[in-house]
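Heads up, the next two complexes both have chain A, just with different partners, chain B and then chain C.
Here is the complex of A and B:
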């Protein structure tokens, strides 16, 4: 009986891993800032779900706490903080400029996901734990795809969400490979993520007020050339 | 106890700066608290010299030789930067009302910098490094000009992007530690004791992630592009801290990790470090030839020196490690002096362009003399300390058989030397432009420059016994043979 329950939980965890990858693709495919933000919130929910599942399976209080921290920080605090600090027009139906168009981006994201699987395969050989087999490759894929959307997007807020999505990837792998990390470390890391959002949010606001645009591409004053 | 005091006095100072009644004396509070913090760091170093380490809370807050050296450098450089800030921040068109905010934020940066070498757990060190990045970003953006905001944004994106990558690296390290039977809390000391039994695949993978993630923060090429922008746009005292010590702190974490990996017999990556380090030195040396802004010149020289330290650590012998930690010390003290001097030039003439500064010796002998001293020292001319440490790195490289690497490194160092001296030569001599209005440099800035020049001059000709022993201890932690 216990065995089938474990299997069910592992299956559900694999499902949330797949959904996390799907939301990462969703972030790459969306053109609206608000849409990217929604995908990020959904992704954080799946991350919390995975933490609850593994925590329940292993009877680990740490992971249950981490799931709660994730919901508090990434589903509630960060979207709220960004809504408060940033002017509303950054959110409203804003079309994001991209260096590479969306179909090619999706293809690249797919390649990154495959690359992640290859990169971690020597590590997976050291363990038979199915949870690690599900979470580590998807976590790394989340980091790589988040990093890609950070580079490809030219708008401040989607860049910030790209960073946060990368953190989600790192956490998703982390709950599988380091489930008994000291709680204080988890707590401090979660606070740190919120701080990142606050600082970058404030910076974005200052940039919009001073320069008048949040397009990172339009900032190109500093370079190795003599000033006129 | 002294260790805890050294870390928490900057935090106390940051809190005091928030109180409204104290806002007129924020500079005094900052200098006072940071001086105490420096004194405590010196006492901690003394304790480390006697006992081999200093433990405040076992498993959480403790320093060994290397940690103590970095802590000492952090508090020393930040104290002088605080003294310098007194005159500098009152100068020019800065808004006075936000001054308390500047000092409070700077103190938080000092706290974050000081806490990294004192933390025994790698995961918490990651948090410390992230806090450093965040406070530094806010300080770079302090002046709120278009240039400053652009620099802050570049720095935030490129360096914060490294955070999740490095985080995954540390989590994999934790996995490697626990799956090989590490039962006790994960500390640097426990990790180096266990290094030979951990899975080399996991170790290599985690090191790669941490190296990529923190390498961007150190400013290693090709992830250095944010560094000259940030280090030239920030207020000068902040530049001194950023270039002098903020790049050294993530490098300290990388070196710590490198020592664990070098002790694992199957994971041979020393030569890769040499290659990556040489690449940074090369990029910096050739960019130094064509800079137009003297603050950017000193920033590129930081990229060069970070590369040199990495090359030395990659040689992985005890001698080279001694060179690496000595280079760390010498670079920090010299580079902060460089930025104070650059700040004085900016205050005197009001321009950052090298081509607009002429005949500085005639305009202001004090500023000119300081510029000559610091640029000779940073370029690595004898009898300055950087010459000694670079020389010992090169000779250690030859002795360990890295002849090609030493030849390339020596060539690039010479290129960088010529580049810096050519720019500085033009700034110092010739006829000053008559139209330029000349302003006097405030007393606090002169004091900071004189204090910063003392170790730069002294350590070149005489290394006191305790300093030598501390460097020896720190080099041992790097684990070369």
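Here is the complex of A and C:
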């Protein structure tokens, strides 16, 4: 019966991989800042679920601890920190003027996902582990799509979440290909990520207080007087 | 052989008989959730009865298309119903008449004639609704295609019965990312094709905001009844494809015994009831999208379906 249990766990891991890709698309497609945040939290939950599943399957205490760290850092700490540092009206904001409109953004995100599949396919040929087959391409796609939303978003908070989503993607690929990474390294990364959130949060708060906006696009000039 | 023909006819009677009930339960549930009493779940039957007993008025300006369309709209869902597993999980007599692609073409044919009939009347709202439906249609078409491609990649077939067997076979196939993404894309497609809420408001009475409904405005009497009944059956058939082929391929009759086939009827009704609850939750918690946001909604469905396809291609080629 152990075989079918392993199969089921691998299936569930593949399921969380698919849902992580879906939430990555969701982050690209959402206008509301609050909505992007929610997608990020859900993505982190699936990431933790994947870590738990793989950890359970391989009997690795590292990965179980990792899942717990992910939940603590990304589902609880980062949203809380950002909620405390940022003024509340940032959350209610919508990005109306995207650099690239949402359908085109989604198509670009799709191309990035296809590119990720292509890039890792020679690597996947070397192994038959279904966990790696599920995690590596979608992790890379997560990195690329996070990087894309970092470029294409205008508001500060979605840009930050773009960075965090890149980290999520790297993490997701990492737990499959390097499950025995020392726990201390993972812990450092987790704390690092929370620190990034604090720094960007405080920075955005100060910028918003001085200039009155957090749109990166309107900060292209170094003058203090308003534009003519 | 005669048995499978009889079961196929039972299947058609199921679709004819329970189409209105499905619509009635859906609207009753929705009103209840919005803390209203709502009409009886048998109200659609009464409406049909009333319409069949009324006189039909046909404008003298219309052509044969206008008179022909209600019959087509009524019959097409039955054609599709004879191709898909509604009650049994083994192919019935007419199952190899066509695959899922044929089902898609049949539904497209009905939609095409409904749009033509709407333009035929010269009523200003008809062509407007028809052009909007076509807009939704051509945005939904690529998603349909990609879903078919993915299904044929995974199951090596587009006959719905064989596809359904594939998902039952192993949990690994059921939980694969391709399958889950496919489910979500197809669900969004059903919402768009059935004229449900994020795309269209089925209970709206404001002609300018109508998408699907305004095509039938000019019909009266028997024509209106057939159009209405056909629409309800189409939604039931789409739901059956979604539930029996993709989402929950369990609980169907697996042998030729008549008792098992009849037992499958309450089981599928329970599945549809659960699906109705989900649908009502979506309908009451979302607002109707603005017309030009529909392209984003279906664009998202397209992206998800293509993601499902690449996931299935790359995962099957590696194994």
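Following the convention adopted for this analysis, the second predicted complex is superposed on the first by the 217 of 228 C-alpha atoms of A that agree within 3 Å, B and C clash if a C-alpha of one lies under 4 Å from a C-alpha of the other, contacts with A are read in each partner's own complex, and residues count from 1 in each chain.
Here, a residue touches a chain if its C-beta (ideal position, glycine included) is under 8 Å from a C-beta of that chain, and two chains touch if they have at least 3 such contacts.
Please read all numbers here as calculations on a predicted model, not as lab measurements.
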| item | value |
| --- | --- |
| Fit or clash - chain C, chain B, common chain A | fit |
| Which superposed partner A:169 touches (first chain B, second chain C, both, neither) | first |
| Which of chain B and chain C A:143 touches, first, second, both or neither | first |
| First, second, both or neither for A:117, with chain B first and chain C second | second |
| Contacts of A:192 with chain B and chain C, given as first, second, both or neither | first |
| Winner by number of chain A residues touched, once chain B and chain C are compared | B |
| Which of chain B and chain C A:134 touches, first, second, both or neither | second |
| Lowest C-alpha to C-alpha distance for chain C against chain B (Å) | 17 |
| Set intersection of chain A contacts, chain C complex versus chain B complex | 125 |
| In the complex, chain A residues that touch chain B | 119-120, 122-123, 125-127, 139-140, 143, 146-147, 150, 156, 159, 163, 166-167, 169-171, 173-174, 177-178, 180-182, 184-185, 188-189, 192, 195-196, 199-200, 202-203, 206-207, 210-211, 216, 219-222, 224-227 |
| Chain A residues within the chain C interface of the complex | 4, 7-8, 10-12, 14-15, 17-19, 21-22, 25, 29, 102-103, 106-107, 109-110, 113-114, 117, 121, 124-125, 128, 130, 133-134, 137-138 |
| Residues of chain C touching chain A in the complex | 170-172, 174-178, 180-181, 184, 295-296, 299-300, 303-304, 306-307, 310-311, 314-315, 317-319 |
| Chain A partner contacts - residues on chain B that touch it in the complex | 121, 123-124, 126-127, 130-131, 134, 137-138, 141, 144-147, 149-154, 156-157, 160-161, 163-165, 167-168, 171-172, 174-175, 178-179, 185, 199, 201-202, 205, 228-229, 232-233, 287, 290-292, 296, 353, 355 |
